[in-house]
Amino acid sequence: MLRICLENVRTKAPLVHNITNYVTVNDVANILLACGASPIMADDKEEVEEITSICGGLNVNIGTLNHNTIPSMLLAGKKANELGHKVVLDPVGAGASTLRTETALKLMNEIKFDVIRGNISEIKTLAYGSGSTKGVDADIADAVTKENLNDVVAFAKAFAKKTKSVIAITGAIDLVSDANTCYVIQNGRQEMGRITGTGCQLSGMMTAYLAANPEHTLEAATAAVCAMGLAGEIGYNNMKDGDGNSTYRNRIIDAISNMTGEQLQSGARCEVL
Amino acid sequence: MLRICLENVRTKAPLVHNITNYVTVNDVANILLACGASPIMADDKEEVEEITSICGGLNVNIGTLNHNTIPSMLLAGKKANELGHKVVLDPVGAGASTLRTETALKLMNEIKFDVIRGNISEIKTLAYGSGSTKGVDADIADAVTKENLNDVVAFAKAFAKKTKSVIAITGAIDLVSDANTCYVIQNGRQEMGRITGTGCQLSGMMTAYLAANPEHTLEAATAAVCAMGLAGEIGYNNMKDGDGNSTYRNRIIDAISNMTGEQLQSGARCEVL
Amino acid sequence: MLRICLENVRTKAPLVHNITNYVTVNDVANILLACGASPIMADDKEEVEEITSICGGLNVNIGTLNHNTIPSMLLAGKKANELGHKVVLDPVGAGASTLRTETALKLMNEIKFDVIRGNISEIKTLAYGSGSTKGVDADIADAVTKENLNDVVAFAKAFAKKTKSVIAITGAIDLVSDANTCYVIQNGRQEMGRITGTGCQLSGMMTAYLAANPEHTLEAATAAVCAMGLAGEIGYNNMKDGDGNSTYRNRIIDAISNMTGEQLQSGARCEVL
């Protein structure tokens, strides 16, 4: 299934509309191209409905939200819902400011998201209405560990049931869950946290996976998470003496561009809980 | 002539004002520095006229246009025209939304562009007032091929005559044309389409080439197109096992930074039609 | 002292709020992560006070200022002052437009900056109220050389005294000065000027150094300048045939991510005047 999800992206080359932050936008565009999709970025309210209409999916990321782009997110999301397009929410920094938390909640109220992907602190903030984050990074106290895994799986399932969205919580251990089934993924490396944008890139790529596998949202989201983690491992193995986090960033995107379905299928460390 | 065009950029180090999208802006800045020019990005309407006044050329790119930057594009373009500076239009995504198409047409009505550079779908949109694109990429049905080359050359010449701009249509085969003469360039690699921003980078670098070669707009634009394509070839040859599209992006800019006039002269595959 | 400054950044991992330009923002985020800090970018006036409150330092960079972000800079700066957070000003392009010059002066009037870091032309503009720049680069006529070093040191001390800020003037020779003491740093390579964003990156990283070494502003700012210059040397030494300015950008950030306190201590070429 993972193999097929990846191959469908390469075959169908979905066009993905991104309303995303200006910090990691270039990486999001490059990883979308790397995985076989096509990115378009557009955030003016005059054009977002039209742009999203020609796309297969919409990726909404609040990383550098502002009073111009928030209305655009709402317009684009509603239009995407109306057209049955896949929509992903990346609530970057929810919990770090009232604007972010309230915007994320407002987006969730007015738009049906197929997947909500964030770190554990962001997702807890959305679930409980308030929370603690370390800026755009997860609070260490929230970390998903072997010890609390069952609790977090239960939390993810409950929140998926409540929101009717697939919930993807990424970190050292990744969870991708609907109300009934939770995939636990143990790919990736902790060094991925020392480069900016791996989360944003994953949300962009996940939108492409959903758009190319419309009947299999949970599996497609899981496949994207596995692919990103595996790319983190492959990219790390390709590092040489003197390489550091900037080269690592390139190596991860490189690994996505070279990844085959077979490689993903055999490299994924994914179990069902 | 190609050699001299490149060397003039390195000698004169023109300052180029860019009103461009936030997706590829960093790459545009780095390629301008790589080719020997200096970039400045400024898009607030309060400063764009003053900024463009101290520059040698203006690069207008509508990739992430919005209601704040559109008036700035108009103000800067008019000021650049008034001062006789070179001005390039990159109509990213024209045809993908009404806002993009209409903005590009409005810019063309109010500003005299020395060169309009886009993919074939974007240029057709500008010529016919509407068109089909695949987001920011060309529609495959529009592709310039050996079979339709003569027709597209005739189209480019006619559109150049009508607009009094040099028309640069880039893709697998590149055309740079005024009303009478069309250069056909066959440098480059198809893998360039799998990284974001090669078109935006070319428009930025082309503005530097025009500014440094003010009496030879057609040749300077052609030289920039050849340089970009050649860099795509050199960069590709410098790729190693495990490298992918993110490394390729770096290798292309690297190749521009190392390119000599002689290398460009001997590597360009350019004929006149 | 340099060693301790670096190690404190790695140990304390300060969260740094950046209101910065969209050209080099990704590099700023990556270098902050590379040095051991955590970046957050936020520029909407509704959230900047709250975001800066959870951070240890604020980096204000006017590289692509606009009428939305200028009020945000003022709000965030005042809040950071109120909370006793470290605040850095990077007056990118001051002197290139009235908007930039006046905004920088207004920021200096309303906010107490711990450090103001710019090239010599930008700092002269702030000191004299007007000046000449080559866009965002220093005017060659302004360059700090062995011949005029004593004069520039005196200028830096006087301006530091007047502003009650540490003044960091970076270029071929770097100066970091308060009213009494000026550090002169001779690390770095001229090739750093051929990539975009080394200055912006330095300002971001410097904010982290200040936040992690709150009692030693002058030394922490100096340590950041030394680290950046040394990274420029190490990165250059790691360049291979065919590498150019885009790879150099990555190599510099890589060098920061691998740099130890000992390496900084032994590699810094820093004297007191």
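Should a chain be cited, it is by its letter among A, B and C, assigned in written order, with residues numbered from 1 in that chain.
In this text, contacts are C-beta pairs under 8 Å (C-beta built on N, C-alpha and C of every residue); 3 or more make two chains touch, one makes a residue touch a chain.
Nothing here was measured: the structure is a model prediction, and the numbers come from that model.
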Report task. Indicate whether more than half of the residue numbers at the chain B-chain C interface occur in both copies; give same if so and different if not. Result -> different
Report task. Report, in degrees rounded to the nearest 5, the angle of the rotation taking chain A onto chain B when the C-alpha atoms are fitted. Result -> 120
Query raised in the report: Where the centres are mean C-alpha positions, what is the separation of chain B from chain C, in Å?
Result: 33
Query raised in the report: Which residue numbers or ranges of chain C touch two or more of the other chains?
Result: 22, 26, 68, 249-250
Query raised in the report: Of all residues in chain B, which touch chain C in the complex?
Result: 15, 22, 25-26, 29-30, 33-34, 38-44, 46-47, 50-51, 54-55, 68, 234, 238, 249-258
**Report entry** Partner chain A, residues of chain B touching it in the complex
**Finding:** 21-24, 26-27, 63-68, 93, 96-100, 134-137, 194-197, 242-247, 249-250
